[in-house]
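Have a look at these structures, which come just after this line.
Each of the two complexes below includes chain A, the first together with chain B, the second together with chain C.
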Partner chain A sequence: MINLASRDILHGWGKFLFTGIGLGLLIGVTLSMAGIYRGLVEDGRVLIDNSGADLWVVQQGTLGPYAEPSNLRDDVYRSIAGLPGVADTGNVAYLTMQVSHGGKEVRVMLVGFESGKPGQPGYLIAGRPVMRSHYEAVADEKTGFHIGDRVQIRRHEYEVVGLTRRMVSASGDPMIFVPLKDAQETQFLKDNDALLNERARTAANPAFNRPNVPGLLEAVQASQAQSHQVNAVLVRLTPDADAETVAANIRRWKHLQAYTKVQMDDILVAKLIATSAKQIGMFLVILSVVSAAIVAFIIYSLTMNKVREIAVLKLIGARNSTIAGMILQQALGLGMIGFIVGRIVAGLWAPVFPKYVLLLPGDALRGFIAVMIICALASVVAIRAALRIDPAEAIGG
Partner chain B sequence: MNTPAIHIQGLKKRYGKGDTAVDALKGVDMTVAPGEVIGLIGPSGSGKSTLLKCLGAVIEPSGGRMEISGQAIYDEGWKTTDLRALRRDQIGFVFQAPYLIPFLDVTDNVALLPMLTGMSNSLSRQRALELLAALDVGHRASAQVSQLSGGEQQRVAIARALANHPPVILADEPTAPLDSERALAVIRILNEMAVQFRTAIIVVTHDEKIIPTFRRIYRIRDGKTFEEAGEGRQV
Partner chain C sequence: MKFPSRRTLAISAVIAAALGGLAWVIASQGPLAPIKVTVAQAKETTLALSVFGIGNVEARRSYNIGPSATGRVTKVLVDQGDKVTVGQLLAEMDPIDQEERMQASQAAADRAAHNVKSAEASVAEAVSRAQIAKVSADRYAELRNKNFISQEAADAKRHEANAAQAARAGAESALAAARDELRRAVADRTGTGKVRAQLRLHSPIDGVVVSRLAEPGSTLVAGETLLQVVDPASLWVRARFDQGRSGGLAVGLPAEVVLRSLSGQILHGKVERVDLVGDAVAEERIANIGFVTIPSGLTIGELAEVNIRRPLVEKTLAIPAAAVKRVGKEAGVWLLQDGSITFRPITIGAVTLEGLVQVAAGLKVGEAVIVHSSQPLSQNMRVKVVDALVRSTP
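Let's turn to the complex of A and B:
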């Protein structure tokens, strides 16, 4: 038996192809939305994995350091380092900020880390690690910086000595790693005007400026000009240590909050990007409905353009299943072309997106099945209309 | 005596109910022998198309009896539940316009019918090529429908109607869009095919050019048929 659907498609291949390409662009947008969601999750997971930590110790009662502000004294690590099961600790400071470079503004997450400790960049793709105590930086390649670039961050200029990859914040901002002291200064230290103002205020406060207590005012003012805060202490455990047990010890005895990898994953994926995920989910639903409506309309139009042919086919004895099969196959064919085009364009424009777009084969497979189901459902309207066509329409009068 | 290809007795068709009911056919009688070509003529609204649709098993008559090749297909009700198969196997259709399937080539337009009966693609195409050759359009077998002239398309439509070797062909104004020369050529072909395949052909027409070619004419008026002898002019 002749495959009527394929013959019809080949006969009007131009119209069919261009319709498929149009649908494909829509499917491409849908796949990209799914890829953006996967990218968000992946960014969060990469942030956790690349930090090299097993535990995150943060300010009590907070979800820090990525989801909420958290401040700790930078000597807290000493008491944690002595706990059973702890192999290494590292202070880290995180600060999201705008950095100007070459006339362009780049949104980055500034990371202060201690060399050789948890929290340092996982790997380099170019250059060398930070070796000096100040004013050197390792930047994620997405910043667009190059080795040797000099970048102004607040009051100081930093030289980019290394580049890393896939080191981004939970919101997709590329990271710049600088020595901890520099990051603390950037995050916590006030500017000169504010310091002068603060000193004057302190001097005007009789509680700090006592004539009979020499040195008190200077000591208070000096403390205001220094920063000993970090956002978190990253902890690496010994191979035999149980993360939950060590975390419980920290919570119980150090009065700090400690999160394991699983808990941090939950914070980043379930809490931090939950709203974005819902937003993307809504877009996916709307795009799916729009795609279904477009396919239904296209297939219905294609079918209604063939009323006479369908009437003739019914008159000469073609089964309803033959006619329904023709329409269904055309809908699936359209979906197939649309999916192929959509997958290709989604792959082509994914690198252009400012945030990471992760197109998983599993998502593509699910997308393909969804497209086929949507096309099959969308063809039902056209099939119903075709089966209602009276074969008598082929006979005049 | 030969069994008639078509035998109709007292065929009625009523549209609507009650006060608004219209009797389109009021007891039509007709007999057509195998290999015979008859003309069915009448003014607009006389019931020609209704009769054709009843014969084509497209609409259900309201009463009477219809036989094809001696077998009752309707006797105060359809005698078969599969009208689709009845149309496919027993009746060929030729329309005013060829109504060929535009996305199939010439051969497949004809071969489609045998394929619908379950015949293999190769045998169906072989039969289609034989018919196209018989109708003098064999050289256009692989052409697309849109590449054919009006006359060629009508000959392909006749080949399609003959594809399952039906005992009956219903031709609804097959010469309407054609000029005199081509119209007479189509009638000549129908006559030749009727003889060659022993097919009864009913030609519905009010084309004055071709009416003199019929040996027998059924004139339909106010839902009733009146048999007349035709001129039977050679074409």
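Let's turn to the complex of A and C:
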């Protein structure tokens, strides 16, 4: 018994192959879209994991530090460090900003961290950690910076000493890690013009510039230029501590907001990126439906092109099951080629995307099953059409 | 045996390519792909430890010169940048009525001097009178002894002599009082002169004027600064060091200073003072670094980076700082042994600014540790050692 499907494919294999590749590109797009969706969610999650924290302590009544602005005094950590269950605390400052280097603008999230405390990058792919207490930076590779580059951030120049991978903000901007004091200065110290204007404004205020109180104006101006603020305190817990208990303790007695990992995940994934994730998800659904329709049309038209051959088969007495099997096998074969090509191209172009594309094996498996089901369903329509063909067509005009 | 046709070969090639591609995707991107790492051997080396801080150029001794009483500035004789010598007149405050007061007290002193002279004359007169009266009284007493005159006449003369003597004592007292008055008037004049002199502002040192904060005509309250004079030989850098990394900071250590205006140039200096009181709010320690030779054109307040060289640590076990990872609260390294990786906690010693970490305990010479990795590491991961994870700077 010869396999009719493979004989037929071999008969016109070029056409079959190119149809399969075309289909594959479409499946590749769909898989990439799924990857983009996964990447978006992953960007939110990776921020939580990379910070190395178990608790986020932020300004009372805010969803900080990623979803809302939050400001704390930088000595707050001392009162938190003494609470039961707290193993380690780290001050962090976050600021999303534009950094230009070599004529190119890069959008980055500037992270101020304390060496050896939660909040610093967990691993490097090149270079060394920040060793000086000022003017050194560890950048994510997505920034395009290299080791030894000198990058101007506001008032100072920083030397890139190390590179990280997958250190991004919730919106996918690569991070630059600098010492906390530098980040505080970047965030809260104004530019020269603003400083001068602020000094003049204070000097013009008669409450601060009193002729019989020398030194008052200087004192007021000095206090205005200080920055002892951070955006969050990251807390690492002792192994036996319960995160929710410690968080409740901080909320109740320290009058600050504290989030556990689960809550932070909810804030980032369910609140911060919810709309854009839904947007991509919606598009993914439409793309899947369109892909399924196109696959069905292709298989249907492939079958309809063979009306004469099927009629001949019927004429020579082929059974219906033989014909149906042929069409089904061809459809599944087409689906198989399409999936393989799609998975390969998705893998090839994924790293070129500016934002992270996460191709999960589970998604690929689901995609494969979906492709096979769609192919099988589409072939049913084609089989019904084929079985209705009049054998007389083989000899008729 | 039938030789495979060209068509069969072509189809086989396409199928092989597709399967190969799929296999490549699975092997390089899927969960089965090994993690790329770079490794380094723990080795004995000499560590150059240093402490890094930033600070500003300041003058060790800076003099704020201003009036000690509220008043108006009349003259400012020097400007910013002028070199001044000790005792040089720098500025004058408005004396208002001080000149007239001086004249008045001078006049009072002169008058007191005249009064002394007149009192001296009175004393001379009284002395003369007393002498004459005594001689006369003595003569009358002799005549009375010989009974030439009456007792009454002799007594009257005696009385005259006593009165003249008393008048003399009175004149002498008046002279002493006049002298006292003269001393008082002279002291008064000197005091007024000192108050007047106080309004002239002089330089306390040989130095340079660094700021001129008021102009003639403006009124300053007591204690406000009019001019600032510093000793240019006392310029140094007041630097701040992160408490956590300031171990080993000590007086006398050599330091390298980079000024912001001369960022390519390393200036040499040494730690001259480590402040006993640090900044509790900023969590920083403060040390002052003097220059070996003070560069010309140094401006006060300029930002400077300071690198203090601590004594070398000879022959010690060290690994790259990037190799130190944290698992929970423990610092340690991922060891690469026979292709598999294990985490081992280590005790970290000193750290250099160039990115080397001294291993105090937990590692032996020659053991391979993972420095960089393409993903966070965990137990039982498959790793592939490469030279570098990213291409170096083009």
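As a convention for this text, the second predicted complex is superposed on the first by the 381 of 397 C-alpha atoms of A that agree within 3 Å, B and C clash if a C-alpha of one lies under 4 Å from a C-alpha of the other, contacts with A are read in each partner's own complex, and residues count from 1 in each chain.
Note that contacts are C-beta pairs under 8 Å (C-beta built on N, C-alpha and C of every residue); 3 or more make two chains touch, one makes a residue touch a chain.
Owing to the predicted nature of the structure, the values given are computational and were not obtained by experimental measurement.
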**OP:** Would you check which partner chain A:315 touches, where first means chain B only, second means chain C only, and both and neither mean what they say?
**Re:** first
Subject >> Of chain B and chain C, the chain that contacts the larger number of chain A residues >> reply: C
**OP:** Scan A:200 for contacts with chain B and chain C and give back first, second, both or neither.
**Re:** neither
**OP:** Mind working out whether A:377 is in touch with chain B, chain C, both or neither, as first, second, both or neither?
**Re:** neither
**OP:** Return first, second, both or neither, reflecting whether A:161 touches chain B, chain C, both chains, or no partner chain.
**Re:** second
Subject >> Which of chain B and chain C A:212 touches, first, second, both or neither >> reply: second
**OP:** State whether A:135 touches chain B only (first), chain C only (second), both chains, or neither.
**Re:** second
Original post:
For A:359, is the partner it touches chain B (first), chain C (second), both, or none of the two (neither)?
Top reply: second
Original post:
Which positions of chain A sit in both the chain B and the chain C interface?
Top reply: 10
Original post:
Which of the residues in chain C come into contact with chain A in the complex?
Top reply: 7, 11, 14, 18-19, 21-22, 24-25, 28-31, 52-54, 221, 223-225, 241-242, 244-245, 281-282, 305, 320-322, 325-326, 328-329, 351-355, 371-377, 388-390, 392-394
Subject >> Residue ranges of chain B in contact with chain A within the complex >> reply: 48-50, 52-53, 56, 58-59, 84-85, 87-89, 93, 95-96, 99, 101-104, 108, 111-113, 115-117, 121, 144, 160, 172-173
Original post:
In the complex formed with chain B, which residues of chain A make contact?
Top reply: 1-2, 4, 7-8, 10-12, 308-309, 312-319, 322, 390-392, 394-397
Original post:
Taking the complex as given, what residues does chain A use to touch chain C?
Top reply: 10, 13, 17, 52, 75, 87-88, 114-116, 122-129, 131-135, 141, 146-149, 161-163, 165-166, 181, 211-212, 214, 228, 236, 239, 337, 340-341, 343-344, 347, 350, 359, 361
